[in-house]
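Labels run A, B and C following the written order; every chain starts at residue 1.
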Amino acid sequence: MSKNIFFERKGPFSIKNLFNNKNLKDLKITDVKTLDKAGSSEITFFDSVKYKDIAETTKAGCCITTKKLENYLPQNCLKILTKSVLFELAVITRKFYPNADIDYPDKSLKKPKKSNFNKVKFGNNVLIGKNVKLGKNTIIGSNTIIEQNVSIGANCVIGSSVIIKNSIIGDKVVIQDGCKVGLKGFGFIPLKEKNLRFPHIGKVILKDNVELGAACTIDRGSVDDTIIGQNTFLDNQVHMAHNVKLGKNCMIAGQVGFAGSSTLGDNVSIGGQAGISGHLRIGNNVKIGGGSGVVKDIEDNTVVMGYPAVPLKEFLKKGNSNE
Amino acid sequence: MSKNIFFERKGPFSIKNLFNNKNLKDLKITDVKTLDKAGSSEITFFDSVKYKDIAETTKAGCCITTKKLENYLPQNCLKILTKSVLFELAVITRKFYPNADIDYPDKSLKKPKKSNFNKVKFGNNVLIGKNVKLGKNTIIGSNTIIEQNVSIGANCVIGSSVIIKNSIIGDKVVIQDGCKVGLKGFGFIPLKEKNLRFPHIGKVILKDNVELGAACTIDRGSVDDTIIGQNTFLDNQVHMAHNVKLGKNCMIAGQVGFAGSSTLGDNVSIGGQAGISGHLRIGNNVKIGGGSGVVKDIEDNTVVMGYPAVPLKEFLKKGNSNE
Amino acid sequence: MSKNIFFERKGPFSIKNLFNNKNLKDLKITDVKTLDKAGSSEITFFDSVKYKDIAETTKAGCCITTKKLENYLPQNCLKILTKSVLFELAVITRKFYPNADIDYPDKSLKKPKKSNFNKVKFGNNVLIGKNVKLGKNTIIGSNTIIEQNVSIGANCVIGSSVIIKNSIIGDKVVIQDGCKVGLKGFGFIPLKEKNLRFPHIGKVILKDNVELGAACTIDRGSVDDTIIGQNTFLDNQVHMAHNVKLGKNCMIAGQVGFAGSSTLGDNVSIGGQAGISGHLRIGNNVKIGGGSGVVKDIEDNTVVMGYPAVPLKEFLKKGNSNE
C-alpha cells in the first residue's frame, strides 16, 4: 500500500459508510487509485469504454461505474453503479483527501538552511517547504518557491520566480523562469452557485533531462499523475492539464495547450499554438503542425495539420496549400 | 457622485476649458463614465451604433460622439462632435486621471501588520498596499502583491506570486499562482513615434466563488469595469482584456483569450485556446468549441465551433467532421 | 572587434583546432557572428538559400555551410562544409561560449544600493545584478529581477515580478508585471537521450517607447539579437522566440506567438492569438487578423487572415464570410 507523500489521507473507510448504504458488503477501502494501479483494498472508477482493456484486468476491490460499463469489470470487483461516475468519484475522493481540492499555500516554507542542502546553490529569497529533497549541483534561482515533499534530482537548473509543488523531478532537468509545476488542474463538477471541486491527489513527474521553457503551467494529476518523459523539451507558455502523459524525446513549441488525460508517445513534435484535446492517444513519431487542433487519436508515424487536424495530404487536398 | 477609489481624480472642469472652446455652455464636469452610468454632471462617449439603445436613455450631461450618431442621444445631453471619439475621450480622460495611463508600481506596499488583518493567513514576503481590505479566513500565498485599496472577501485562497491591483473581489474566490489581476489593458491611440495611452480608470470585479487558474491575466476596465460572475471558473493562462463581462457559472478552459469589451451570459462554456473578438454579445448557455475564433454575436443556447466560429451543424457540413 | 557584454567568451581558437582538421588553413577565429555582422577573424553560418543575398557580401573569414550553398559565398571566405550546419554551429559556438546554453541564475544579484542609482525608484525586494545601468526617473516594481549588465534607459516603468536578462532597453519603455525578457530560446539539436542545446549568445533590444503587456516572454537571440522597434506595443501573454525583429509602431494583440527568426516591418498590426511561423519576412503596414496562422512571407500593405493566412479577399471567397 503506497503512501501519497503530498496529501494527507483519511480513512480507511468501510464501503458501507463511504456510500451510506448498509446493503453493501463489508469491505475496508484505504485509497482511491486509477484502474491500472488500484489494489484489492482500493476504490477506482471506470467511466468510458475507451478504457475497457484496463478495466478488464483491474485488481481494484471496488469500482464506481455505470450500468452500461459494469460488465467489462472482473467479477470479484465490487461495482458501485451511478449515472455520474465523476460526481461520485469527487465525493468519495474528497472524503479520503479533504485538502486536495484547492492549493492551500504551504505553511512550512522557509529560507533554506544551507547545511541541509549540501552542494546546492540558491539565489536570493528562495523558499523551501519541509522534507524537500534537492540533488547535488542543482541550482535554484531567486524568488523561487519549492513546496513541501517535492524532490528534485542532481544537476538541475531551476530558474527564478518558479513555483513547484507536488512533483518528483529527475536529474539534469531545466525549468526556466516563471514556470508553475504541480498545481491543481481544472477539474470540477459544474453545479449552479457552487461547483464541486475535484480533489487533485496526483503529482507531476518530470524525468531526466526534461526542459520547460519560461512561464509554462504543468498541472498535477487528478487521481493519476502528469508525466513528461526523458529528454522532452517544452518551449515557453505551454499549458499542460492534469494527467497528460508525454513520452521521451518530444519537442513542444511555444503556447501549445494540452487538455486533460491525453497520452502521447515518444519523438512527438508539436508546432506552436497547437491544441491537443482531452483523453486522446497520440502515437510515436507523430508530427503535429503549428496551430493545429487535434481532436482524435493519431497513429504512429503520422504527420497531421489543420483545425481539426487531419493527415497532411488531406490538409493540402482541402486547398490549404497556400500557394 | 461615486468616487473612484483606485485613481486620483482631478477637476471638476468646466466643459469650456476641457475642450478649449468658449462657445460651449457653462457646464461643470466632474467625471468620465460610460453611457449607462454617467449622470448630469458627467461626460460620456458614444462611438458605435451597437450601443444606441443605451445612448437613447443616457443621463449624461455631455457626450463625445460623431455627427452620424448624435441623434440617438437625448436632446438635453450636450454633444461634442468629433471624427475620433476615442482620441477625444483619451485626451479628456487624461485630464481627469493623469496617473491611470501606466501602472506605476504602488509605493505604499509593505509587509502586512498581522494586527490589521485579524484571521488572515499570510505566506512569506507578502506585500500589501494601503487601505487593503482582506476578509476573515482568507489565505495569501508567498511573494504575492496586493496593491492599495484592493478589497478581498472572506474565505478566499490567493496563491503565490499573484499580483492584484484595482480590484474588488468577493468571498470564497480562488486565485491560483502567478495570476495578474487589475492591470492596465491594451488601449491606446496609435500615433507615429508616440502612441497616446488610454487611461484605464475602471477596475476588476470578481464575484463570489470565482476561480482563476494559474498565470491568468485579467485587465481592468478602461472607463467601464471588467467583471467575472459568480461561480465562474477559468483554467490556466486565460487572457481577459479590458471591460469584458462574463456571467455566472461559466467554464473557460486553458489559454482562451477575450478581446476587449465583450459581454457573455451565464452558463457559457468555452473550450481551450478559443478566442473571443471584441465588442461582442454572447448569450446564455452558449458552448464554444476549443480553438474557435468567435467574431460575431451568438444567441442564447447555441453551440458554435470553427474559425470563424459558426453553429456546430454548419461546421460539420463544411466537411470538418474529421471522420 | 565588439565584445559580448553578457556572456564570457573563450578563445581565440585556430580554425584547425576548432574543427580538429590539420588540413585547414591557419586562421585565428575570435567569435561567432551572423552573416551580415561577421568580420575577417570571425566565423559565421549559412544554411538556407533564403539568405543568399547576405551570404554574397559577407565579410566573414570562415563560414559553416553545405556543398549546395557554398558557391553563394565570397571566394576569400573559408567554407567548412557539413551536412548539418546547425549541429556544427552549435558545437563550435559552445566552444566559444560554454555558459550560454542554459540560463544559469545570476549569482551577483543583490538589493540595489540607492547611492548607485540616483533618481531611480525601487519597489520592495528588487534584485539587481552587477553592472546594471538604470536611467533617471526609471521605476522598478517589487520582486523584479534585473540581471547583470542589463541596461535600461530613462523614464521607464518596469512592473512587478518582472525578470530581465541579457537586454538593452531604451527610454520611456513600459514593461508590465510578470514579463520575462532576454531568456534563452527554444534552440537545440534533437538527439536521442540528450538533446544538444544551442548556446544563446544574442540579446534582446527594446527601442524607445516600447510597451510589453503582462506576462510576455521575449527570448534573446541565438547568434543574432531579438529586436522590438520604437513605439511598438505588445498586449499580454505574447511569446516572441529568438531572433525575431519587429519594426516600429506595431500593435501586437494578446497571446500572439512568434516562432524564431522572422522579420517584420513597421506599422504591422496583429490580432489576438495569431501565430507567425519562423524565418519569414513580413512587410510594412501589414495587417494580420486575429487567430491567423502565417506560414509564408507577406508583402507590404497586405491584409491577411486565416489558417493558413491568405489575403483577406481570398479568405472571404473561401466561404468564411461568416454571414
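Heads up, the rule we're going with is that a contact is a pair of C-beta atoms (placed from the backbone, for glycine too) under 8 Å apart; a residue touches a chain by one contact, two chains touch by 3 or more.
Only a predicted model underlies this, so the values are computations on that prediction, with no experimental measurement involved.
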Since chain A and chain B are copies of the same chain sequence, what is the angle of the rotation superposing the Cα atoms of one on the other, rounded to the nearest 5°?
120
Residue-number overlap at the chain B/chain C interface, same or different (half cut)
different
Between the Cα centroids of chain B and chain C the separation in whole angstrom comes to 33
Which chain A residues sit where two or more other chains touch them?
125, 143, 161, 178, 215, 237, 255, 273, 307
In their shared complex, at which residues does chain C touch chain A?
102-107, 109-110, 125, 127, 143, 145, 161, 163, 178, 180, 183-184, 186, 188, 190, 192-195, 215, 217, 219, 237, 239, 241, 255, 257, 259, 273, 275, 277, 293, 295-296, 307-308, 310, 318
In the complex, go through chain A and note every residue touching chain C.
121, 123-125, 139-143, 157, 159-161, 174, 176-178, 209, 211, 213-215, 230-231, 233, 235-237, 249, 251, 253-255, 272-273, 290-291, 306-307, 319-320, 322
